[in-house]
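Down below are the structures I want you to see.
Heads up, the next two complexes both have subunit A, just with different partners, subunit B and then subunit C.
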Partner chain A sequence: MQKIKHYLNQTVVKIFLLLFVSFLISWVLSGFPFSDQALSQILFLKPFRTSGLLSPYVYSILILLGINVMLSVSLALLNGFCGLFTMGHAGFMAIGAYSSASFIMFAIPSSTPLLLKLIAAVLIGGSMSAIVGFVIGYSSLRLAGDYLGMVTLGFGEIIRIAILNIDAVGGARGMIDIPQFTNLFSVMFVSALIVLIVKRIRESRFGRTMFAIKENEIAAQMMGINPTKIKVQAFVFSSFMAGMAGALFAHSEGYLSTQTFTFVKSFEIIAMNVIGGLGSISGAIVGGALLTVLPEGFRVLQDFTGIDLRMIIYALTITLIMIFLPQGLMGSKNGNVKEFKWLK
Partner chain B sequence: MSTSLLALEVNHLSVNFGNVQALKNISFNVPTGSIISLIGANGAGKTTTLRSISGAVERKGEVKLFGNSISGLEPYQVAGKGIVHSPEGRGIFPNLTVLENLKLGTMTGPHAEDHFDQNLSECYLLFPRLKERLRQMAGTLSGGEQQMLAIARALIGEPKVLLLDEPSLGLAPQVVKLIFEIILKINREKKVTVLLVEQNAKQALKVSDYAYVLEVGTISLEGKGSELLNNDSVRKIYLGEH
Partner chain C sequence: MKFFSAFFTFVLAFAFLLTQGCTKKNDTILIGNYGSMTGAEATFGLSTKDGITLAIEEINVAGGINGKKVDMKVYDNGGKPEEARLSVEKLINVDNVVAILGEVASTRSLAAAPVAQQYKVPMISPSSTNPEVTKKGDYIFRVCFIDPFQGMVMAKFAFNSLNLKKAAVLRDSKSDYSMGLADYFTKTFTELGGTIVADEKYQSADVDFKAQLTSLKTKAPDFIFIPGYYTEVGLIARQARDLGLTVPLLGGDGWDSPKLFEIGGDALTNSYISNHFAAEDPRPEVQKFVTSFKARFGVEPDGLASAGYDAANILFEAMKKAKSLEGSELRTALAQTKDFKGATGVISLDENRDAVKSAVILKIESGKFKYVETVNP
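What follows is the complex of A and B.
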């Protein structure tokens, strides 16, 4: 028993387990298809939207949910672990989305297998975003708190407006005809992978030093921690993951507009973290899922009432959560965070 | 006294906060293996002295560690040289567990991570209380336990010189006594040089080999701990005796 447990704890085994589980779930949700063609649709990442248990609408919501969870968890690393209050996370997502979309459309032949395209897209999106994250992190190091928030807000908008003025990626018209190969399987796998990585970071030496900097930077320095190095590393990791989410987003929608990546999106990601509980991985997941599902879930109401109460109820729910659970859904009163058992 | 016997050498240290001169050209030595204390009233510059040694405030003057200058280094670099500073108010991380706090101590010494298990069991001997509280958040510990944690964390980093800022702050007299016993034990058994800053002059002078009295940024008096304890003006001003 002990041996099996030890074996299951190996990272490689975990990754394969994640692959298998996400395949299984997408297979079940697609209505247990047995034909070769259907199975290959799941495995080889063709969007699977026409048949199965899910309507195309619910299917696209699930994909968006996975992407939002990725963004929320990646921000948790910066905002929750390291205490760096950043307001430009949508900018990192935009870099990931646009760089992977242009790489797939202009740099490699369209006959490349979809699986290779997906891997390339995610890696290119992540690394381009990480490079920008390094530059932003390094240049805004002397700032903390609200000031860092303002600077990152500015950087986020700079990224968006710069993209808006590049005609090659569509400019204000938006980028169209991006190959769509993100499906439920890939989104589920990548988001689970990100959660696994962030959880490992949380338990590592790097994670502890980030928390130390958040709690007391001077004491952390006196323990021999170099805050500059740790903060830049946190920026790079976080923006890499946000870039991956952006890449998957680009290839699920097939259309990109800079209007998606305004600071409103950044605030949405912050809200996911705050509602879930700052500094908690499970909180970031729950917050991300909730803020995706809530505004859509209330659409049904509109059929009964005839008027659009959706956004009112959405806003009210968030307000009530913050009044009655100021530490967030997964935070507790003394400032600690609760986690799902498997996350801790 | 030859240079190599000095753990810390502080020469002509001055610190300015705006127009206020907090430290005025002070010099003192900390011999290897001793306990040296700085005592004085509020605002005398005790904490500033420690902070300027570890590089947390801008200062003029020279600080040498075992003969090598450490002036101009960042606090984390000073810590890497083997000077662990336990700051005023203890500087523990309240939302991390006791074990996580102790693990963070390993960031200081070059081999501290390899010796973690051994150092941890030695810490249990000094502070049996901490062993029971390993999984607890550090912020939920009592004041005395937090101070024990701060000292234990410093020891995990295998310091050559330990800078302690007001270890008795806000503690009950019984606990203060215990903490000072432990400081003495660390110095005698582990051969750690200690530079102690204290308002509790009586306890500090009892354990220290040599002491300096700071008064508004200058050293007004110095001498062996036992001598200062019997010095009339020290007794009057700092020990409250008439």
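What follows is the complex of A and C.
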């Protein structure tokens, strides 16, 4: 028994477990199909969903939920662990989305198997975003607090406007006809993987040093930590994950427009973190899920109220959460954060 | 406690999601509308919705379509392309609408059109002018003219009605819209026999246009064609008058904003633009629409409201003619729309599912748009 438990804790085994569990869930949600074709559609990705237990609409929401959880958890690394208050996360997402979409559309033949395309898209999106993250992280190192927030906000807008001026990716019209191959299985797996990675980072030496820098940078320096290095690393990791989320987003929507990646999106990601509880991974997950589902879920209310009060109720809900739970859903009054058992 | 609250929110969230499955069944015809009712472009969605609402009320008073009343489901997308896509997915899969009206902005129409095309539900965009929109598939229609058409209209108007032969073009090199208009204007104007004496460029968000204007002035054009948006146009007009350029300025529907007069002021006097709709147009369809819109909503309709009204009426016309309300039957009926007399002009749909229709020319006089004439394609 002990041996099995020890074995299950190995990272490689966990990754395979995640793969299996996300496949199982998408298989169940697709209505237990047994044909080779249906199974390969789940595994090897199919653009639009027709039948299954979920309506295509709910399926789309779940995909968006997974992407938002990725973004939120990746920001938790920067904002919650390292205390770097950044406001340009949508920029990293945009880089990931546009670079992977252009790579898939212009650089590789369209006959490439979908699975390879997906892996390439996620890796290209992540690495391009990480490169930009490195540049931004390195160049804004001397800043802290609100100043860093302002600079990253500016960078986010620079990225967006730069993309707006590239004709090859559609400019203001937006990028059209992007191949769609993100499905529930891939989103679920990648977001679970990101949660696992962030959890391992938090437990590692790297994670502890990030928390040390967040609490007191000078004291951390006295202990022999190089804050510069750690901060840049945090930026690179975080932007890599945001880039992966962006890549999956691009290939699930099939259309990209810079209207998606305004600073409003950055603030939405911050709100996911704050509502969930800063510094908590489960908080980031809960916040990400809540802020995706609520605006869509509240559409139902329109049937009862007659007029569209969706945004008012949505804003009211968030305000009430912040009044009654100022530390966020997964935070507690003494400043600690709570986690789900499986995240501890 | 914390786990409870988190658990509770999840349960709440998924309860919401599960309720998305139930639909009401009744003997009305349900159509869908999606638009930006909140966010930076909220007026776009709200105006269009008002126009469609008026059309629905009128058809229901007149007895509905083949005895069935029409009902509408409206979803807001907050100006976000991904929400536009989600709301169309909901309209089709959860509410089972027979047709969709929307969106105003081309970016959001482009995001949602593939969904409508995939499920074979006809979608009519009231005012998306980007040529790409209807290229997304044969179920996507539009009832407004596309960008380049306005360039043609202005060339005809300047040459035939204003009798001006020497044109200067000042275009925004960063905007698809501006480049399209300028190219078509140049082509038509030279074909008619006019000459383009100068073609200068600026970039959106520029504030100083003196260099381009000075160079234009030396060429002594009869008029300047500026296919841009109102912010830059207002500044250009001011700077042109400062430099002593008193020739008329011509432009497209990008000028149509109350902000234009705040920025440009008196410098805009003696300018002409092409637009979709003019409330002073004497045609009976227009006057009937303007009176009933004012009676219903208390304000004068704008171009977007009239485009929404026309889109809805074209849809109803097709529904009456179609054998059934199946997507494919409705699509066929829509594609055959010919010489429909709407508030924005006489509309026919061509083989690309784009509208072929007239444009109105407006003149700017003392801070107001005045109707001049209607130019046919």
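Note that the second predicted complex is superposed on the first by the 343 of 344 C-alpha atoms of A that agree within 3 Å, B and C clash if a C-alpha of one lies under 4 Å from a C-alpha of the other, contacts with A are read in each partner's own complex, and residues count from 1 in each chain.
Here is the rule we use: a residue touches a chain if its C-beta (ideal position, glycine included) is under 8 Å from a C-beta of that chain, and two chains touch if they have at least 3 such contacts.
This is a predicted model, so every value here is computed, not measured.
*Asks:* Of the partners subunit B and subunit C, which touch A:Arg208 in the superposed model: first, second, both, neither?
*Replies:* A:Arg208 contacts subunit B only, not subunit C.
*Asks:* Does subunit B (first) or subunit C (second) touch A:Gln259, or do both, or does neither?
*Replies:* second
*Asks:* Touch check for A:Thr112: first (subunit B), second (subunit C), both, or neither?
*Replies:* The answer is neither, since A:Thr112 touches no partner chain.
*Asks:* With the two structures laid over each other on chain A, which partner does A:Met223 touch: subunit B (first), subunit C (second), both, or neither?
*Replies:* Only subunit B is touched by A:Met223; subunit C is not.
*Asks:* In this superposed model, does subunit C or subunit B come into contact with more residues of subunit A?
*Replies:* C
*Asks:* Name, in rising order, each residue of subunit B that touches subunit A in their complex.
*Replies:* For subunit B paired with subunit A, touching residues are 54, 56, 74-76, 79-80, 84-87, 91-96, 100, 103-105, 107-108, 137, 139-140, 153, 157.
*Asks:* In their complex, what parts of subunit C are in touch with subunit A?
*Replies:* On the subunit C side, the touching residues are 2-3, 5-6, 9-10, 13-14, 16-17, 19-21, 37-38, 74-76, 78-83, 85-87, 89-90, 93-94, 106-107, 110-111, 114, 118, 130, 132, 136, 174-176.
*Asks:* Using the touch definition up top, name the residues of subunit A that touch subunit B in the complex.
*Replies:* 205, 208-209, 211-212, 215-216, 218-227, 279, 334-336
*Asks:* Residues of subunit A touching subunit C in their complex?
*Replies:* Residue positions touching the partner: 48, 55-58, 60-61, 64, 165, 171-174, 176, 249, 253-255, 257, 259-260, 282, 286, 289-290, 293-300, 302, 308, 310-311, 325, 329-332, 338, 340.
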